[in-house]
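Across the two complexes that follow, subunit A remains constant while its partner is subunit B and subsequently subunit C.
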Partner chain A sequence: MNSFMLYSILNTAFVLLVSPLFISLIKKTKAYTQGRRGPSLFQTYYLIVKLMKKEVIYSSNSSIIMRITPYLNITFMLAASLFVPLLFIPASSPGIGNIFLFLYLLVAAKFFMALAGLDAGSTFGGMGSSREMTLSAVIEPVVIIVFATLAFVFRTMNMHEMFTQSLGTSILVNPPVLLISLSLFIILIVETSRIPVDNPETHLELTMVHEAMILELSGSNLALMELSHAIKQTLLMGLLINILMPWGLAREPGLVNIGVAAAMFIMKGVILAIIVGLFESSVAKMRLFRLPALFMQAFFLAFVTILFELLNRL
Partner chain B sequence: MISVQYELTRILFVLVLCSAALLITQRSLTSLFSIYAVQSLLLSFVALLLFWKTGVYALLFIAGLTILTKVVVIPYVLRKVQKDIYTKRDLEFSYLSPVSSILISTALIFVVYKSFAHFRFGLSQDNVFFMGAVIGVSLLFIGMLIIFSRKQMITKIIGYLTMENGVLLFSLFIAELPFIIEVLIILDLIILILLSAILAFGIDSTSTMKEFHRKLDPFSLWFKKQQK
Partner chain C sequence: MKEFITDIVKYLKLSDASVREGLNHELYVNLAGYEFRNTMELLSKEFSLIAVFCVQNFNGHDGFTLFYAFEQKGRYEVVVFQRPLSSFQATSVADLFPSASWYEREINDGFGIEFTDAFDKRRLFLHEVYPPDFHPLLKAFRNHPIETRKDIMPEQEYRFNEFAGEGVYQIPVGPVHAGIIEPGHFRFSVIGETIFNLEIRMFYKHRGVEKLAEGKTPLECVPVAESISGDETAANATAFCVAVEKISGIDVPPRAWQLRTVFLELERIYSHLGDMAGMITDVAYPVGASNFYILREEILRQNSAITGSRFLKNIVAIGGLKHDVAIGALVGLLKYLKTFPASLKDALDLAYRSPWVIDRLETTGIIEKRLIDPLHITGPAARASGVDTDTRIDHPYGIYSHLPLQKHVLEKGDVMCRFAVKAAEIMDSVQIINDLLIEGIKQGEVFASTRVRDGYALGVVESPRGQTMHWVYIKNGLIDRYKVRTASYCNWRAIEHAIQGNIVPDFPLINKSLNLSYAGTDL
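Take a look at the complex of A and B:
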């Protein structure tokens, strides 16, 4: 139990610490590709600190949902962060690491965010929630299939065991992992509302999805929402990194191990964030009705992964 | 016992399937040509890996020929044609939207896998051969799907070329076509590309039909001169 306590404190602290970094890094990469210098790498930290100090204002129409959503969101995300070990893999404990529970935590956060969008009574919020739920209805089946494929390939439902296994093998022996990580990359892009799906920088009524829902939030509530969005991104990135290139992740807790794992994760995360930034700069935003084609690509790859795994087992 | 060549081949198979998925959904013509070139390059790597494993020189020639024709010459000709017909994107799909084509192609791959599973024991020792056969035939069907669902001539050509890639993959792993037949297929392919490029002028660029006739005119004058 003691080791698990250590794990939950260290992992949560590490996730909180690095999440804003990746957000700013993606912004920085996009700025460089556009020929700008971009904000400093610590900008997201400053933003969160600044918002924390500000006063919270509620619309007169809003109910309790608006007040509890930011706290629920950050709680769901921090709970989900226990499922993706970034430093070392703890001894298994019941319930923690179940891949479907992880999915449900992410979806619950999304659900409350959509409710909060409706709650304030502004038209933008309702529009954003409606779009988010429409997209979710299409992407969720694909996400479930991709996660089921992960469970099928690694023959376990526990994410910690998956990562232990992927630590032991390499892509060379396990080509399905390459396919599934492409699906996971598409999910990372879709779930963190990045460019072909949604533009995180715009406040234009025609295009915003995620931003529209949090438009009515202010002060510390907004800070918590931004932070939970950053954590969600780090978790999905961590999942992809731990599946595709888990080198450096420690099996046993130890001072040196954890130091190495932290440095390695930050390095790999930086590379992935730069890739995401470049990807975002190189594609145009898709029309809403063309998005299913992108999701179906993830579905296709997941399906082919299952087939590959079947062939591998012959 | 794991052989490096076969493991690398499996990774290449993965990439070939990804390229097939992109060929179904992409709309921009230039990226379609590039994806086709990359797919052919991947196939030539597969041939090279097989050569590394078995040492049959015909495979080396096939790889070289594939790179020369399908990675360099054919995409070059297609790009030239595309420049002349003034279209950048193929936006129209008949019968099937890209989403349903992808769903159907997953079903097709599964059907091919199921039907091949019956006689896989007769095939060979390593499952990489079975995999190559399944993916080759699936690629052939995906090519047919592209021909079926696209409207423009030039994207139909891409579909045909994808089918041919499927045949090449299949023949690499199962049939072992004699080298001379591979050469003939590729010769056929080049002639076909030239012919269909001429057709594409007429079909895809209705606005430049006059342009097309004007371009043909010098030839007819030349022919008449010869007849005299």
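Take a look at the complex of A and C:
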């Protein structure tokens, strides 16, 4: 149990620490592709600190939902963060690591965010929530299939065991993992509201999805939502990294092990964040109703992975 | 001109005495004593309405005179019909010319003239806060701050068109927006994400430009014209100066006109570049947009080097230019323009090579050709919808009649076509400036004189957004009436139609493809 406590504390602290960095890094990458210098790498940390200090204002129409959503969101995200070990893989403990529980922790956070969008009764919040739910209805089955494929390939539903396995083997001997990684990348883009699904930088309220839902939030509430969003991104990145390139992830806790794992994860995260930034820069936003076509690519890749895996086992 | 007069007299069965020539290729037709409706119905078959405006105490007529300005395809001259009124009531022509609706509501606000049978009698530029008997354009009203209404009853509020039905709801957007943009209110009626009606309300920052000009000398009024819309400075200043120069019989030196043409085309280039960058930004492809932003900035720097102002302010003057342009700056511009077409082509290639961008631009926000004339939609928006209209060719001013201009007309009328038309026009403008600079700007004076005479005349200019009309009436050396109608004023209604059947998240893109000036509307 002690070792699990240690894991929880270290993993949560590490996730909180690095998440804002990746957000800034993507912004910086995008700025470079546009010939700008972009914000400092610490900008997202400053932003969260600044928002924390600011006054919270509630719309007079809003209910308890608006007040609890930020806390629920960060709670769900921190709980989900236990499922994705970034430093070392803990000894298995019941319930922690189930891939479908992980998915529904993320979905629960999204559900409350959509409710909060509706809560204040503003036009844009409602519009954002409606769009988010429409997209979710399409992306959720796809995510289930992708996660089921992972479970099928690794023959376990526990994410910790999946990572242990991927640590032991090379992707060269397990090529279906490459395919499913593409699906995971698409899910990363969709779930973190990036171009071509949503535009995190836009000021155009009529085109927003994610941003529209949190328009009514302010001060520390907004800071928590921004932080939750950053954590969600790190978790999905961590999932992809641990499946595709787990090198450096420690099997046992230890000072050197953890130091190496942290350095390796930051390095791999930086690379992935730059790839996300470059990907975002190379595409434009899709028409809202054409998005299912993008989601279907993830679905298709997952499907092909299952086929390959079946052929493998014959 | 003579032939046109004969044709009009014959077509409308007028007496020769009622038609007279204006000072700047316009005809004035006095409709006193004629059946007004009949004439308008005849006109609606062959002519398109440019603007309607009202003048109080015009040329000795004690009371109001309504002016209806028309153009006819293939005719250089603009025909202005004058209708003297004997009371505060007039006949509406909005059923024949839909574009007249805004003008009539505007005249109702400004002068208190009621258009008895109009289908829309709501106020236009005077919002609810102004008292009902406030009509700022009346001569009796002296320009001063007024007491506005503090408590507005629900029945006094502006009534938007209402729609009801299952799944129908309305989205109010603005006048305060999330970005740093000008104020305007957009009332969308939607089913799901699909928009079936849009109503636009403007005039949140009406500045009273027309009243402000009254009582000023024409010289003092040039900065007022320049401030109408920040990115159409040269076009508005030129239109105003052309009108005053024609009234006063000033011959602007050729060098001044050549340089004015350079400014007007530079303005078109940087405006179009801004529009194109905006379109690409709004489909969330900032990498593609940044090339256009960079080019726009480079042109603004050229503007600054030539005139001392990035937005070409304080250079166009009555009688020519405020000051001459240094030869070094022109050489610098010529050198820069040599590399410009290749850079623009690179920027265009990057945008056109992205299927993601093309998919967003094509079939989005179609403006149908049949709407262009009734709504008097003008400029690149009209040309992208298959109508070959361009004030530089249709009603040439300055040296434009000597320039080898062509109209870029595309048929589909979607955002893609507007993007392509603007791209083509930038290349044309570069060519025009290049030719002028290489052939050599004539040496000599850039300024004739500012001796101003009394009279009235029309100045019509093609601004980057389309046809801009200024009508100036000088009495006793002072501006007595100044009417401005910018292209933005006409084209706002194009958006209301272009948006129908599109989805809400495509609105910003469609809006940007026209990129209208709020300031240019909220005069």
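What we mean here is this: the second predicted complex is superposed on the first by the 314 of 314 C-alpha atoms of A that agree within 3 Å, B and C clash if a C-alpha of one lies under 4 Å from a C-alpha of the other, contacts with A are read in each partner's own complex, and residues count from 1 in each chain.
Going forward, contacts are C-beta pairs under 8 Å (C-beta built on N, C-alpha and C of every residue); 3 or more make two chains touch, one makes a residue touch a chain.
Values in this document were obtained by computation on a predicted structure and should not be read as measured data.
Colleague: State whether A:Pro196 touches subunit B only (first), subunit C only (second), both chains, or neither.
Modeller: second
Colleague: Touching A:Met127, do we find subunit B (first), subunit C (second), both, or neither?
Modeller: Second partner only, subunit C.
Colleague: Is A:Val283 touching anything from subunit B or subunit C once the two structures are fitted on A? First, second, both or neither.
Modeller: second
Colleague: For A:Thr169, using the defined touch cut-off, is the partner it touches subunit B, subunit C, both, or neither? Pick first, second, both or neither.
Modeller: In the superposed model, A:Thr169 contacts neither subunit B nor subunit C.
Colleague: Quick one: is A:Ser40 in contact with subunit B, with subunit C, with both, or with neither? Answer first, second, both or neither.
Modeller: It touches nothing on subunit B or subunit C.
Colleague: Is A:Ser92 contacted by the first partner subunit B, the second partner subunit C, both or neither?
Modeller: Neither: A:Ser92 stays clear of subunit B and subunit C.
Colleague: Spot which of subunit B and subunit C makes contact with more residues of subunit A, would you?
Modeller: Subunit A has more residues touched by C than by the other partner.
Colleague: Contact-wise, after the overlay, does A:Lys30 reach subunit B, subunit C, both or neither (first, second, both, neither)?
Modeller: second
Colleague: Of all the subunit A residues, which ones make contact with subunit B and with subunit C?
Modeller: none
Colleague: Write out the stretch or stretches of subunit A touching subunit C in their complex.
Modeller: Residues in contact with subunit C: 30, 33-36, 123, 127, 131, 195-196, 199, 201-207, 215, 281-290.
Colleague: Going by the contact rule set out above, which residues of subunit C touch subunit A in the complex?
Modeller: Residue list for subunit C touching subunit A: 171-173, 177-180, 193, 280, 282-290, 294, 354, 356-357, 359-360, 503-508.
Colleague: Under the definition above, what is the set of subunit A residues touching subunit B in their complex?
Modeller: 171-173, 175-176, 178-179, 182, 292-293, 296-297, 299-301, 303-304, 307-308, 310-312, 314
Colleague: Sort out for me which residues of subunit B touch subunit A in the complex.
Modeller: 2, 4, 7-8, 10-11, 13-14, 17-18, 21-22, 25, 97-99, 102-103, 105-106, 109-110, 113, 120, 127, 130-131, 134
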